[in-house]
């Protein structure tokens, strides 16, 4: 039996897909989150409903979507509504189960910076900004992020809080009255981090062959480990085949790590 | 030349139609206002746009509509939108030129009661209530009402202000910051009342053969007359023909006076 | 995962005594079949919310289902007074909560949006504001005039009739759309009744037409002619004669009881009701086709 | 009373130096042709508002038309950074006013509604609130949590591209509708550009599809292929290759200038631009038909 080879992107996508449950309504971005959702839909979650901030509900893209507003998301979808409606009637109203987040930095409490490095008024690096992520982080029932495990991506505290995880701890999130459960898993190429009772991200699972030392060395805060750190199930040939042959045959999103 | 005979309803509808200008966007009700608009459209105002609180814009009814939500208003119209949109994007935003009002009582300052006779909490006669009229009165550029000239319909002060005319005088209307011009004409079967500088309704025109004494005797406040009271143009055969032959051939709205 | 139920099962399962019910539809698409089923099942103490109570709430109030109405225009549209609701209010037998149309729809829009309230501009007509403590006034934080605010309305259950839905509740509706969407998103549970249950592919052929999606729908019931004496655009006409006739029926408690006995308790379901109306009425309410120009979504 | 003008006339007549312009369209229907015409006419000191500035504002900023951007996501969608806007902000050469998508759209919705502001629920992420004085917090008068409010945005002019419009501006649009409606109703003047100018009867065959009516439209311009490199659902595909190519072009001021010289100043209008793209590109962006199922309005 030959060893299965996969990229770190494939590893993260496959592990993110496994976090989705059948029937989930998922607020999806393009790229890796889109692949994770489509993979879940073709394996254990056939009734997954994908919705996009562009206003598309129940997309069944016939080709790999290359932007959040790709026309393939529209043709054959269940419903297309205005942006105001998708943010009010769906997201703010509490009709979204899962949100996939992105961002340049994520900190110890699962807060995200997608806005700026350096001061806000005189930015050193100006990032794209929130888009829909400020509201997804607040109101989706469960939030997940996929990101390579690198120290610069995981500072102790984000320089600018674009989207709230547990803010300064779970109490802060409750005080703000946010309806969603917050950042419930950070899937990296080393393992998975999940919040402890205080909302601090701790290492709960490692991918086969990875170590908690690697995870700690690549995290900007003093990363704690769960009392028993699990190992993620190995990537299967079937998962890889769906990803590579059906979902992203030209490898646009599968090759890199970011 | 034989004398032209018409009902008081016909007289009011024809005089109301003449108040409309070509290109006006009119918030219409069914019944007499609908007839007035359609008459104007077939005479001097071919570019009149009729909109209905049910959300219909640019209706071209093929038959006489019998309710505010008649399906004939929809088929072949320019646009159909939600009630929220018609009240926000059209009315509140200031896209409506004319509103036709109805109500059981209208007072000296053009305020309307369509809610209740007797105390609000223990009503003697419970009327239908505002519907859309509270907002039409506030935000349409010009408001008109058609109503038979009867003392009980014209009290000095309405028992309940469902919709604002000039409230207690023009200053009140300005203080409330209302965008529309308020009640600009009350068309009755005796003549037409229009507001003076203070917002008080005064007699400005009489229909042929009517007198200011009749008007005063049928008004619940001390009705003033304009310095020169005009006479409305006689009803023409052509106006009557359009009304009777084309718009309401079975006379549903043309016969009565209310 | 079909959500299709018989209407009787849907009402039994999703409407409870004491619920706030929003039977949606502005003149158009009024879900009379569901109203009649609620009467047949003897639901009690309901709070009935609708912009225009229309005959459906007159009948439900007559049948003793309601303890309260929430409304903005209490009339028999195109006819005049809504006798039964009006008389119950005048006699102090029915609680009520009243708004302008815009106030009512704004409450629903706030509920649909997941917001606690929404603002409206001032209208200068403050008497209802004085009479109803739910209508408040707040400062514009940007320095303009004060605005009026009303709280979100989140009914326990919304009943929404549509022209066509798939088995999961994805719904196409057209003609006067009133507050159908807002009611569906504001409510905690949504019963969709449909003229036709169509294959999902019909819905997916025109996603911009899908105003209500499966995500918020609890159940779908196939109920043709569910709206009579109201109507479904493109399917059958409004029965104006019935609206006129009701004006007489509702003058008398006996005649009203007889009507309910004959047309609600005396029939098993909407199909029996429709058959009982007879061929002449069916013919009178028929409507010739007038089709929309299709649009091209493109096969991407 | 046709409102049809050539796009060059429309821009000359309705866009003034110093205006706030909202070129609407979320990824879809982005009015590139109008943006290029604004560049050709050398408009100055514009405030450019859009949820996603996209390449159109990158190009307008590069051409020196803008003094400020209002946005909620400043990226090259599906590619990465929006180099020119970003660099102008980093260098302090461009003012900016920033929201989340929901904040931006809420500002437009307030503007479209004629309201001074609209509320949103709290998100817990308060840094932008601290940085932007337009984002305020007020008490819920009904006793719940404080809400966030943003002021209405009422652009001087909105530019909205649609698939089909009649000569008065009644417009059918479908696919991703983003903030097209809100921008049109919020703006003081509205320029509609359309893939097709159709007879009024086509619009009237499907009034529920008419999202923008003549009541708010200032002018209509017939501009096929107006959106390239963005797209019009059912008419042509998004040119992803161009979005990738722009990532390189926009790295260099020279290449950017060359692009503007060749593709904006070097062509008279959109027709010349489209011809210059050539048959291969036309073919690459072609899309096979996929038609909607028509609906029946009924002849009443």
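Chains here go by letter, A, B, C and D, matching the order in which they are written, and residues are numbered from 1 within each.
Rule of thumb we're sticking to: contacts are C-beta pairs under 8 Å (C-beta built on N, C-alpha and C of every residue); 3 or more make two chains touch, one makes a residue touch a chain.
Note that this is a predicted model, so its numbers are computed, not measured.
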Most remote chain relative to chain D, going by C-alpha centroids? B
Using the average of all C-alpha atoms in each chain as its centre, how far is it in Å between chain B and chain D? 40
Inter-centroid spacing, chain D versus chain C (mean Cα positions, whole Å): 36
Let me have the rounded angstrom distance from the C-alpha centre of chain A over to the C-alpha centre of chain B, please. 58
What positions in chain B touch 2 or more of the other chains? 56, 70-71, 74-76, 80, 92, 139, 179
For chain D, residue numbers touching 2 or more other chains are 114-115, 120-121, 144-145, 174-175, 177, 181, 205, 208, 233, 237, 287, 290, 297-300
Quick one: do these chains touch in a line, a ring, a star, all-to-all (complete), or other? other
Chains touch in the following pairs A-C, A-D, B-C, B-D, C-D
Chain D residues within the chain B interface of the complex: 1, 112-115, 170, 181, 185, 200, 203-205, 207-208, 210-211, 213-216, 297-300
Parts of chain C lying in touch with chain B, wherever the complex brings them together: 26-28, 51-52, 71-75, 77-78, 81-82, 86, 89-90, 92, 98-103, 105-106, 108-109, 120-128, 131, 144-145, 174-182, 231, 233, 237-238, 240, 243, 287, 290
If we count contacts the way the header does, which residues on chain D are in touch with chain C in the complex? 114-121, 136, 138, 140-142, 144-145, 147, 149, 151, 163, 172, 174-175, 177, 202, 205-206, 208-209, 233-235, 237, 287-300
Chain B contacts chain D in the complex at 25, 47, 49, 51, 56-58, 60, 62-63, 70-72, 74-80, 88-90, 92-95, 139, 179
Touching residues on chain B, where the partner in the complex is chain C: 30-31, 53-56, 66-71, 73-76, 80-84, 87, 91-92, 111, 115, 120-126, 128-135, 137-139, 160-164, 167, 172-173, 176-179
